[in-house]
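Take a look at these structures.
Next come two complexes built around subunit A: one with subunit B, the other with subunit C.
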Partner chain A sequence: MNKGKIVSIHSFRGGTGKSNTTANLAAQVAMTGKRVGVVDTDIQSPGIHVLFGLDETKMGKTMNDFLHGKATIREIGFSIGEHSSGGEGRAKLAGKNLWLFPSSIRGREISQILKEGIDFNLLNEGLQKTITEFDLDYLFIDTHPGLNEETLLSIATSDILIIILRPDNQDLQGTSVTVDIARSLDVPNLLLMVNKALPKYDFVELKKEIEDKFNAPVTGILPLSFDLADNASNDLFSLRFPDHDWSKALRGVAKAVLAVE
Partner chain B sequence: MKSDVLNQLQKTAIFKNVSDDILAEVAIKASTRKLVKDEVLIRKGEKGDSLFLIHDGWVKIVTVDSKGDELIINKCGPGETIGEMALLDGETRSATVIALTEAEVLELKQDVFEEILKQRSDVPLAIIRSYSERLRFSTTYIEKAIDWSQKTAEGDYSFVEQIQPLVEGAGSNDDKAAQLLSAFFAMVRRVKEREDGLKQQLEKLTFEIDQARRKQEFDEITSTEFYANLKEQAKALRQKRAQG
Partner chain C sequence: MPGVFDRLNKEIKDKQQEGGITALDLADLQPALRKIMRLMLRELQMTYPRLCEVMDAMPEKERLTRDELDESLSTLTQQFWLIRIGEGVKAIYKVNLRRKAGSTLASGIWSSLDEKLKDKPKDT
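Here is the complex of A and B:
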């Protein structure tokens, strides 16, 4: 009965910080002792593995292999707790229950799957299996931006959807459509998060304005930060610099996720 | 224990140039006093006639602010000396000293000290020398502080970045001067931060959502067969999960 929750992280446009947010949220939740998985469903342009210090040489079986019937979910799960390497922040994950289910970064495998299309039932089955086989409390899904089919699927299956937006008109417009879609698909928990907010804005006002527009809670406003841009791919920023404003706001989002019943 | 006392005396500013054999004599003539927590060691306004060396425990030096509230100026612990000026000028105490914890202090009385001064004519000179060194040092700092205060008043904070590393790197043989400087720099930095914060008035963002476009895009996505299927599947999935 007490099954793991699927948390999808989505944004209308690319580059809003989905992968960074997903990796750091997963890490923060794993730090509290929960069993956590991270799936990269951004099959077109995978990226989250980098944040966990994984490269082509270390990467074993991928979600692509699963979708081609060439690997089981068991084989794909890469234990971050056992291989937390390279970076002061990542090192804190040693011994934690955190697994990454990466997508292939080989060009040929990417174009192959895009050409053939994804079997949605299979992907869905894969997501459910990560939870049952690894006995997960939370499964975080990093998605491809926009509303393509595999992203719609991850929205449809999620218990919690976190929509990340930048505070500008274009993102708000796009987000409004995603919010409507999420409601149409009966996503039970819709959370908003603002990233790359310029510090010159009044964050309190901003939160209020966005919440009023979408009638959904803004769980965090994360500032635009050069420190993050500088360090992001070398380490897990919120573990490496826990006192940074970005990290503090991110922990607020993690708390909101943990608070969902 | 007496050798500890000797050590401590050597580090006390006024004794800096006084020879060890004399300090040993001073050490012998000092008497031990035990304080319970909250006991008053020195009362502001009393005539000062002794110096105290803290051997063990902590004391606070307090004064009263304009509202009548106790204001802690400083805390002193093992190895620190209080009231050394009293040995020379016998003026009234400028602040109150209260034990923060149980404490043990050594007291050197002015008359005992004066006995020693009378016996050894080289001692006064050594003390004068220590004091003039200290005075020169303090004067330099005061001059600098005046200069920096003027700059701060004019809104020129550039000296903080240029000078602070030098000051911190150089170290100082006068704790109080070093404390003053570090407090001074902290103050200037805070003032600067506050000023920057005020300059940067927070802006408010306003957004407009084009509702017609929103609906049109929503309709485009949801009108496909794929979407209809997905919605069905999602519904079934959620029902299944709700049942456990």
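Here is the complex of A and C:
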């Protein structure tokens, strides 16, 4: 059996802070000494690489190359621990065991995938190989919002699914759909995380309300933060501002992930 | 000259072209079948003895009996959701996921987009 755990991060709607949360969670788990990978399966609109300081010029082989048989998983893994410059927060990851498996941001390669489709046997093989070939303890999967086939595959193969939602009626309804699907796929550990909660809310009451509604644990309520917006994905916020309320709440979510047996 | 491994791999690849399961199909499976498919998704391929070994190591309430396992494997193989190479205790099972279909937009749209994107300086 593979020893590494797959943690899929999902939100039914866009704009919930999914990529930001995924990158910061992966970084926090890597800071504890674990071997961590992050895969961007949002092939249509990749973005998590930005949080790790990558752009088109620095990006080497991608998941798109793997899906087209032009690269191995070993060639795609970009070591963040060895290339952690360019941000005060990211610099703290120097020497840590954290790898990013990015998707391409080249227009032609994105359109090629849309045009030709995806070999899911190969995609799944790639996800599992990241764990075995990099001897990962945790593989975080940043998914496309909503429910497409790649997202469903990552949910089906995950040990832990974190659903991110905002305290908003559209998000609440959408989350019900994802929770139902996760349960019907027998995902062993379903965790919820509320992001962008207005500080005026009673967080204890909100937590209880959402836990009652979905019958699943809320691992953190992260406040809406202008500081985080001001960071503009330039750095890993929770590493750069560890004493910020958002960062403290995020570390609570990381702790919940680490606590799953 | 290709070795046994290459030939088996080719046989698996050829069979994988012939159908497969989607994640939504997984949600509709009976619990015993879904348990095997989830396991196979993680392991990619397993021998029959290894499957038995993993099943035996599961907590009692989650475990399938040998008959249930055999019946489930037979159903999944018939549906082409698992591919079986070999027979009996020598059988190797591999998960078979259905390919995500490409866009149904007219091919002219894609070639036109491809031409435009090819000229982008940062893409060269």
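Annotations
Just so it is clear, the second predicted complex is superposed on the first by the 258 of 261 C-alpha atoms of A that agree within 3 Å, B and C clash if a C-alpha of one lies under 4 Å from a C-alpha of the other, contacts with A are read in each partner's own complex, and residues count from 1 in each chain.
Just so we're on the same page, contacts are C-beta pairs under 8 Å (C-beta built on N, C-alpha and C of every residue); 3 or more make two chains touch, one makes a residue touch a chain.
Note that the coordinates shown come from a computational prediction; the quantities given were computed from them, not determined experimentally.
After superposition onto subunit A, partners subunit B and subunit C are found to clash with each other.
Look at A:G107: by the touch rule set out above, it reaches subunit C but stays clear of subunit B.
Look at A:I118: by the touch rule set out above, it reaches subunit C but stays clear of subunit B.
In the superposition on chain A, contact of A:E150 is made with subunit C only, not with subunit B. Looking at the shared chain after the overlay, A:S184 reaches both subunit B and subunit C.
Of 38-46, 92-100, 164-172 or 236-244, the segment of subunit B whose C-alpha atoms clash with subunit C in the superposed model is 236-244. The interface of subunit A with subunit B overlaps its interface with subunit C at residues 1, 120-121, 124, 149, 152-153, 156-157, 181, 184-186.
The part of subunit C that touches subunit A in the complex is made up of residues 16, 20, 22-24, 26-28, 31, 34-35, 38, 41-44, 54, 95-103, 105, 110, 113-114, 117-118, 120, 122-123.
Within the complex formed with subunit A, the subunit B residues making contact are 200, 202-210, 213-214, 217-218, 221-222, 226-227, 230-231, 233-235, 237-238, 241, 244. Those residues of subunit A that touch subunit B in the shared complex are 1, 3, 120-121, 124, 147, 149, 152-153, 156-157, 167-169, 172-173, 176-177, 180-181, 184-186, 188, 199-202, 205-206, 209-210, 213.
Listing the residues of subunit A that touch subunit C in their complex gives 1-2, 6, 56, 106-108, 111, 114-121, 124-125, 128, 149-150, 152-153, 155-157, 181, 184-186.
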